[in-house]
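Structure first, then comments.
Read from first to last, the chains carry the letters A, B and C; within each, the first residue is number 1.
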Amino acid sequence: MNAGPPPVPVRRRRRVPPPLVRLAGWLAAGALLTVLTSTAEGTPTDHLLVLREAFGSTALLWWLAAAGVLWAVLEVWRARDAGPALARQTAGVRAGWQRIAERPLNRRLFLLAAAVAAIVLPRFAGEFYQRVLVDQVAVFVLLAVGLNVVVGWAGLLDLGYVAFFAIGAYTCAFFTRALPVKPPFALNPFVILPIAVAVCLVAGLLLGAPTLRLRGDYLAIVTLGFHEIVQLFLVNKDTWTGGNQGAGGIPHFSIHLDGVHYAWGLDSLPYWYLFIGMLAVVLFLFSRLEHSKVGRAWTAVREDEVAAAATGVPTVRYKLMAFAIGASVSGLSGVLYASRIGYINPASFPVVLSISVLSYVIFGGMGSLIGVVVGAALLTFLPAVFQEQELVRQEDIPIWIGGILVVMMIFRSQGLIPSRRRRRELGLAAQGIADADAMSESPEGRT
Amino acid sequence: MATAADAPHRGEPPAGPLLAVRGVTLRFGGLTSLNRVDLTADRGEILAVIGPNGAGKTSLFNCLTGVYTPQEGTIAFAPPTAERPVHLVGGPARRRRGRKPHVVNRAGIARTFQNIRLFAALSAYENVKVAAETRQRTGPVGAMLRLPHARANERSSDAATSALLDFTGLLAVADETASSLPYGVQRRLEIARALATEPALLLLDEPAAGTNPTEKRELEQLIRRINGDLGVTVLLIEHDMRLVMSVADRVTVLNFGRVIAEGRPAEVQRDPAVVEAYLGTPGPDEGPEEEP
Amino acid sequence: MCLTDHFWQFLVPGVTLGALYALIAIGYTLVYGVLQLINFAHSEVFMTGGFAGLFIAQALTTPGTTPHGAQSVLFTLAGLLGGAAFGAAVAFLLERVAYRPLRRRGAPRLVYLITAIGASLFLFNLAGKLFGRDRTDVPALYANRVVFTLFGAQVRVQQLVIIGTAVVMMVLLDRVVNRTRLGSGIRAVAQDAQTASLMGVNIDRVISQTFVIGGLLGGAAGFLFGTYLNVHYQMGFLPGIKAFAAAVLGGIGNIRGAMIGGLLLGVVESVSQSCMSSQWIDVVAFVVLILVLMFRPTGILGRGLGRAA
């Protein structure tokens, strides 16, 4: 039940001096970046078009030069052993910073500042950025916070996460009578929120129950398949779902209580407040969950499933719980999204979206609520900015996401702002002491 | 601090031994690891299981805790809280299934591991607290909303955790990360974690392995106190003969998966079959050894 | 019964598809055997083989004509070898660049899986950028005549080529794994990597070789699949999931299991077309996967690259 594949004894035969190997690596990375940043797109008949364009341009020289300079700087850095020296010199400062950051009062102040910024700043943003904040940042931060429960806390890999998002959105469309198959009554989106949460909770339990009894890594492929099934259903069962045309005319949120009437409309700002309000509630509840019995049990299962079971933790039930909680947050965001956009179709929920959300969680730091929020916010806001400035084509964004995932895993698997437990675990796992995921065979799953 | 062993005051305990292993046979492919093993643990005693390497001691523990399901035999456990013995393993040969590890633990059997398995990145306190919480009914909703019962549970597990850390002498290291503790302390922490699940029977798998003489003496004390003060029955696998002889009430000797002797420590030590079993293998008091 | 109505019509396409699934499934199972890792990016190895075969076929043929005779054989072989070579190259690079640093660090399995999924996303979208995002037919390399009829079902050249090639490759692989030094290295690492390294097996090299072998088969399957349907930058996704289901069906880590599982899944999928509309056919593999996981998680032949393969 040890950590992942076996560690390999280091046995190297050196023929080429390592600095030159590293230079080749950097230059290759530079060339790759030239291709990635090129705005050309090939065709099946001219498959060398992009390479011709990219390598024939002056951009190649710039990238190669940048790679070379970076290499030279790093070689000098390495030769002088500057890394450890710098670490020693800044140790005091970092410890001081840590103390300041960990004082509860300072944490509260920081949260307050973040909340004030989230409330005030969007007022001064342009219409485009307000829309990005609502349709991209808010929705995906909420999704990422939900996926964090599955990946970061329970240590499972869910690649069909967005399928639950779709289920939530279609549930919303159904109960607002926007689908071809109609209930006899229409509900307010606010009323649909708990219904969608329940539906996704049940769907998560049904999917997770047979799978989680077994090795955790099968969950990844089963959820991927599940997403595909949901897609097929949405596309093919068009008498129910509207097929590829999707469903339009989903009403906005509105309140009609005791003479208080308010309706959200096309304007972005009210939606922003609604979304961050929901987000705040979810974050508040989840931060309590993390430091409760449930959060500790997840950690125990992640670190040593056999010991956890021997200590009386029902490991499969806790994994299932995480999976279902993640699914229900996804469903919740689905309702918000559907009602905000007003129109959904199967193409709004591609498989790639699940992997994107995963990358937000990873980038920010799995297991760390603040990290995940920051990671998701950055990775949804920045691409929108780049697109607006026409630096990156929208179709190329998945390449960058895939690249970020790989690079983060190789160099900083704990993420941008790691959680303390997670960082410790990954460090210990590297020494072969503990595990850091729930991927091994469940002690309950043997037949 | 309440352990399940306090329960006798609540009612009459079921008659018979606490743990009865009858005719347990465990095979891996063609290899017979346990061969019709009988074992009885009486209430309140300290029973040691000894035997040369590969004799099947750890396999026996794994059968008791639901990690393996033996092909033949029955295991009945009669904790003071239960009215009738719980059959951990039983049923007809075709559809036999062992109880799952966490169910075994809930029934009142806790264990430690030969190669320490703590939750390495959690603090000592959290390690024990995870165990103290497993019997509580707090669910995710209760935890998120901090409902009254969740808060009450939290307080009671905090109290139990502190009491146990105090009992095992670990209060000073409560906030240290488990993996940063010295070996002997980790062993004690593992015992504390096992006790936190309020067992009636505690299984210790070579608790003295890798500890120094001082730690061994402390361990001996601790086992006596667990047995005496908490009233927990202890089943102990150990290679250190001095520890076994001084602490155990009875000894069962396994060799090649069979029980070859049992009785009081002094009798067993003189038993010719036992002497023969240990001949040619490393002497019984040559310190800790690994069992495959 | 709907299953028996058109059984023979669907059997041959099923076996054809199954042979391709089997070739891909072997790649999953080999890597799973030595690394206990679901190599999600294997579907992109398959996709690379498809594109390599497409470009070779485009370069060799002149539009509007179909090669015949020795030319056909030669061109097909060229496409096959090209697909296999590029597939192997991508698999090799993948191991070198993405997985090896993780292995050196002893990263947990979650980290491997995330890397694999990231690499997959990176590769197929890069292919989309480089080669466009439309479906492209591979130019015909031979006349796809009907060779014979089997119980009223027509069997074509193409189906025989695919089945024949797959069978030859699988027999070769079986020989390599069971009879050669390379094969015993792979089996040793699959059984117990630490012991194998103590016995002097160079684990790094064995793992590289495992990826290359899986890549060769996957790339070749990509080419064959391309000639059967078409080539597309996302062509790896569904066959990838299905082949993994096939690997689990046969017993993950078990090479012969992957072969049997692939064939079986292909046939089941194809034959069930007579019972349901073809839109829903992709559901079959998934349902098979769930059923296997629920009732026989060790698959048909059980685990063990070292023992049962």
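The definition used in the following text is that a contact is a pair of C-beta atoms (placed from the backbone, for glycine too) under 8 Å apart; a residue touches a chain by one contact, two chains touch by 3 or more.
Model, not experiment: these values are computed from the prediction.
Q: What is the touch distance from subunit A to subunit B, in steps?
A: The least step count works out to 1.
Q: Farthest chain from subunit A, comparing Cα centres?
A: Max centre-to-centre separation from subunit A belongs to B.
Q: Measuring from the mean C-alpha position of subunit A to the mean C-alpha position of subunit B, what distance in angstrom results?
A: The computed centroid separation for subunit A versus subunit B comes out at 42 Å.
Q: What whole-Å value do you get for the distance between subunit A and subunit C if each is reduced to the mean of its CA atoms?
A: Going by mean C-alpha positions, subunit A sits 30 Å from subunit C.
Q: Rounded to a whole Å, what is the gap between the Cα centroids of subunit B and subunit C?
A: Chain centres of subunit B and subunit C, defined by C-alpha means, are spaced 48 Å apart.
Q: Which positions in subunit A touch two or more other chains at once?
A: Within subunit A, no residue touches at least two other chains.
Q: Among the residues of subunit C, which are close enough to touch at least two other chains?
A: Nothing qualifies.
Q: Under the stated contact criterion, what part of subunit C meets subunit A in this complex?
A: The touching residues are 34-38, 40, 51, 54-55, 58, 98, 101-115, 117-123, 125-126, 128-134, 136, 193-194, 197, 202-204, 207, 231, 237-238, 241, 244-245, 248, 277, 279-280, 282-283, 285-286, 289-290, 293-294, 297.
Q: Show which residues of subunit A lie in contact with subunit C when the two form their complex.
A: 3-11, 35-36, 41-45, 47, 50-51, 151, 155-157, 159, 210-211, 214, 216-218, 220-222, 224-226, 228-229, 232, 235-236, 351-352, 355, 358-359, 362, 395-396, 398-399, 401-406, 409-410, 413, 426, 429-432, 435-437, 439-440, 445, 447
Q: Hey, which residues of subunit B end up touching subunit A in the complex?
A: My answer: residues 65, 67, 100-102, 105-106, 110-111, 113, 117-122, 126, 129-131, 133-136, 138-140, 143-146, 150, 153-154, 157, 177, 179, 193-194, 197.
Q: Can you check the complex and tell me which residues of subunit A touch subunit B?
A: 285-286, 288-289, 292-297, 299-300, 303-304, 306-315, 321, 325, 421, 424-425, 428, 433-434, 443-444
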